[in-house]
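The chains carry the letters A, B, C and D, assigned in the order they are written, with residues numbered from 1 in each.
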Amino acid sequence: MKPILPKPLRGIIPPMVTPLLDNDTLDVVGLENLIEHILAGGVHGLFILGTTGEAPSLSYKLRQQLIERATDQVGDRVPVLVGITDTSYDESVKLADIAYKHGVSGLVLAPPSYFPVAQPELLEYLEHLAARLPLPLFLYNIPGLTKVKFEPKTILQAAQIEGIVGLKDSSSDMTYFNTVKAKMKNYPDFTLLVGPEELLAEAVLIGAHGGISGGANMFPRLYVELYNAAMARDMQKVKSLHEMVMKISTRIYNVGQYGSRIIKGIKCVLNQLNICNDFMAEPFHKFHKPQKLKIEKYLASIQHELQPLEGQLHQIPMSTLEGKTTYYRQSH
Amino acid sequence: MKPILPKPLRGIIPPMVTPLLDNDTLDVVGLENLIEHILAGGVHGLFILGTTGEAPSLSYKLRQQLIERATDQVGDRVPVLVGITDTSYDESVKLADIAYKHGVSGLVLAPPSYFPVAQPELLEYLEHLAARLPLPLFLYNIPGLTKVKFEPKTILQAAQIEGIVGLKDSSSDMTYFNTVKAKMKNYPDFTLLVGPEELLAEAVLIGAHGGISGGANMFPRLYVELYNAAMARDMQKVKSLHEMVMKISTRIYNVGQYGSRIIKGIKCVLNQLNICNDFMAEPFHKFHKPQKLKIEKYLASIQHELQPLEGQLHQIPMSTLEGKTTYYRQSH
Amino acid sequence: MKPILPKPLRGIIPPMVTPLLDNDTLDVVGLENLIEHILAGGVHGLFILGTTGEAPSLSYKLRQQLIERATDQVGDRVPVLVGITDTSYDESVKLADIAYKHGVSGLVLAPPSYFPVAQPELLEYLEHLAARLPLPLFLYNIPGLTKVKFEPKTILQAAQIEGIVGLKDSSSDMTYFNTVKAKMKNYPDFTLLVGPEELLAEAVLIGAHGGISGGANMFPRLYVELYNAAMARDMQKVKSLHEMVMKISTRIYNVGQYGSRIIKGIKCVLNQLNICNDFMAEPFHKFHKPQKLKIEKYLASIQHELQPLEGQLHQIPMSTLEGKTTYYRQSH
Amino acid sequence: MKPILPKPLRGIIPPMVTPLLDNDTLDVVGLENLIEHILAGGVHGLFILGTTGEAPSLSYKLRQQLIERATDQVGDRVPVLVGITDTSYDESVKLADIAYKHGVSGLVLAPPSYFPVAQPELLEYLEHLAARLPLPLFLYNIPGLTKVKFEPKTILQAAQIEGIVGLKDSSSDMTYFNTVKAKMKNYPDFTLLVGPEELLAEAVLIGAHGGISGGANMFPRLYVELYNAAMARDMQKVKSLHEMVMKISTRIYNVGQYGSRIIKGIKCVLNQLNICNDFMAEPFHKFHKPQKLKIEKYLASIQHELQPLEGQLHQIPMSTLEGKTTYYRQSH
């Protein structure tokens, strides 16, 4: 019933934002809208409770609710991955057990973010943890947030632990990614996914299996098409779709001054698309009017620029929303 | 009944390690021993669930148990502070409510450690959080672990939020500490405590109100005496006690290679003193035989060197254990 | 007479190591060998006095000698670029004037490495400096060494300063590189070169104009062929040549423990190829016997693996050395 | 003739700013004024070409001129120390030889700032360099600027190299400083000086030999008196003078936004005191009008607050300037 997790896992697996009504309340209607919106784009999986999903900011109760509702909504259409990153080993295990109960296909784990862990300590932790987990585990490298990285040598060792099946790299350091790829040469089933969507094109061209592209919350079809074009070595199409991705990156993700602006930007767009609320969990707060106006302007321009691609895209993302009238609209 | 929290809070408030039998089980006997051992040293408070207490690594259930048992054991002898640092605002609030229910005197909070928060975002978060907390809050600056620091300007603004009453600084950056102190000149009730025990002497001499000294888990009297000597400007005694503190720092805290060696060293000593188990929560693991032997040697030497100070110390820490026969001894 | 600097500058411009006999003496014969070896690979330019050239470690006298001899040896065969990065503005200007006098085609400058400079200060510095320089200037982004980066916005502003013509990015952060590329869309003549050779394939595929590949000191033809294959979108060839580049990276550059191991590895290979001395300028020191043996083994294996590519490569690099008997051989 | 360098070197050795007329021209009159102003404060030495002296930004010609003129002006009144920090070993040696020729008493060296050097490499570099130096050498720890620190273990080893006689620590990390001091216990002649003036009081109280206090360019007597008070354990006086130091730090050094604001602030004050020009070497630029007005206001207030201390200070710094009419006044 539950979708089989391909080895390696390929394609676009969007890191879903978590629609919220307030700091401890899911935007249930928004969540349903968002999942339908994303799946309509033809994605290859769904990753919930990642960084883009603000997982570390959510209470355990809410994380559990999200797992329940998201897996319900997705059903067996695509594999669902669940982030279990936590400073506490036992809470990671608990989340994993809940995920398993709800038919999730895989787990995703960054190193604990508070204490700086040395690589041998990290490997021992992975050995202990993987033995307790009921599902395949993807490592998640994001040293900008966790301080600790998975060194290429550690990944090579971890790949020999039963249950550890892949890596998502969000370091933006492509020398690192290439090094991991070279070291994992003899492990063709070990999944290598790239986080930053700005790198999706080049990563797939040099052999990544896919991407965890945040922008696919907004425009899922665009990233799926870019992935397909890169796999097909259709370099002309790669070029034009990659440029569109960079427009989103340099516009939508560049409103506001702080690191939190990327998630804020995505949620703001989703709100303007009538998909879900733009509430941000503490310690962040959604955009105010001036930022919203900028996003509105950029969004219009991007939607306009997506038009000429319509022939190339099987379907422009916006059209997935047509005819839907029940979407939650936040008054703002 | 509950001890009144002095304004400012002065003296030695040890950051208690959390005695564990395994990753999710308190060492209950060890916990009682440890609290009695520490309180016998004449400390001015007890801080549980801090960094030294491995709080981020513990499950919520275990954190709750610890709050219950520790507050029970301490009773109204000294104020208890509880760390509520968490990546999730709601979990921080829940911990605070539990702490309040058990008669705790104050709360301690570092910035959330996963997402890098900008100072204006941090201030807004503090405003929202403080309004929800049932107890006075101490800010906890430890940028080496959280990446984010409380900038001096942010502290000055935070001091004007109802319920925010002090700062514990573990940055080791004394230019920062002096800057905060200068900026807080007109807030004489705002508590300024220093984390690293290596800085206790100088911090108190220049006006800190006390220290959250990890070594006071092992030798509480030593730190209390050093605090007293510094307050009394007894510079001769400050010198000799500070040198003893530095011996502990350069020996006990210097066994093993990783950052985790300080907590491991304290737990190893406590185990050798028959006080509690030395189990470390994931992602860390207790010392192996070779490190234990080094600790044993250093401990003997330090205990020996503490003898001549006996006249100066009202009581050497070890003697607090005499005649006690029920202490938990871990076989190793 | 002097080669015209193309706009944009395209292709492989190797960052030449500086052959030394001792800390302040050029290996003159080795320098001649090396230049001939590199140029025989069909490269599109030569970059001297960069990071790989250990420029910051060399005395000014020696930097001047190198400019003289290298430009003499190269003649008008390819454009020569000279690094003028310095903590002192005036010394940068002096080096630039010397470079100009010897027919150099362009200059390369990283931010001064001692003081952390804010972006507005950096831009003002560039404005003042560019006005004094007699040659076109390429910016050099290498924040791992200089701490300061050229923010994309700064580059956009700098591109409007007369004489600033391009960027070499050695950050390994491809999100950064893609962002710069997107921002510079309307400046098609502004050169964008990538530093780390591990990124050469993907960078050229997404639109970089070429690479400053350190490995081209050893195997210039390999990098030229990879550049050509990427430009021609010959994805099969890109794949196999990129894998060879990664073998060099994960083997040759992975001997020894410190950051200095990359330059040491290149110099060690060049010495084993009879091209030049492997002396390293202070504060570094060349490999000892055990590392040399590892390099020897890896080199043999790489030369062997380069054989099957011979058909694809117009010429394998080693063959450029055949019949040459006058090369300097260091006794080791 | 040349002053003997005490072992250890004690007291206040101000890191002199370098008065400039433009980027490559000394403000000769300002330099004479400044030296007389500083020496009138009763300082124990003079340190030229340090960080505060903007040494890395100055051409070698200018550094040489400064050594000549400063040593000439100081004569045998106090020992002069000269910074020889450089990315190039040979340039460091050349500066040392020039310093020796002009009767300098000691040299100061931070690790080379461009390449990140590992500790064993750094130690080997020190061994090689110290053997070539004609004068005693002080190590200079300032990892915020050089990235590389002198680890306590490296210092212990370096202290056994002939000619290495002390450490200036500008890390602001007092746990580090205390650790070095504890490790150097058996080397009572090894000088330990603290950089940041905010730490002068506490450092001397716990056993530092003195300070390299930047503020002593402006108010030399204040820092000398604070040093004397700390040595005499006159805690009342320490408190009031330390508070004055913190006022300077939180006001004068807090105008402007970038890291360069400290040197800019000192130069701006010196200019307003009619002592020397406020020109900053590239890549920095002096304060504009709004910042100058702030400095003017703060300076007036500090001068006013220094009045009541007059009884405690043997002489207020300003009075050293009275009756002097020949000071260079920059029009601004």
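Keep this in mind: a residue touches a chain if its C-beta (ideal position, glycine included) is under 8 Å from a C-beta of that chain, and two chains touch if they have at least 3 such contacts.
Bear in mind that the values here come from a model prediction, so they are computed numbers and not experimental data.
Chain centres were defined as the mean of their Cα atoms; on that basis the chain farthest from chain A turns out to be D.
Centre-to-centre separation of chain B and chain C, using mean CA positions: 51 Å. Averaged C-alpha coordinates put the centre of chain B at 36 Å from the centre of chain D. Shared interface positions of chain B, i.e. residues touching 2 or more other chains, are not present. Under the stated contact rule, the graph of chain-to-chain touches is a ring, a single cycle where every chain has exactly two partners.
Under the contact rule stated at the top, the pairs of chains that touch are A-B, A-C, B-D, C-D. Residue ranges of chain D in contact with chain C, taken from their complex: 23-24, 51, 56-62, 87-91, 94, 111-118, 121-122, 124-125, 128-129, 144-147, 257-260, 281-285.
Residues 172-176, 178-179, 181-183, 196, 198-199, 201-203, 205-207, 233, 235, 239, 242-243, 246-247, 249-250 of chain D are the ones that touch chain B when the two sit in their complex.
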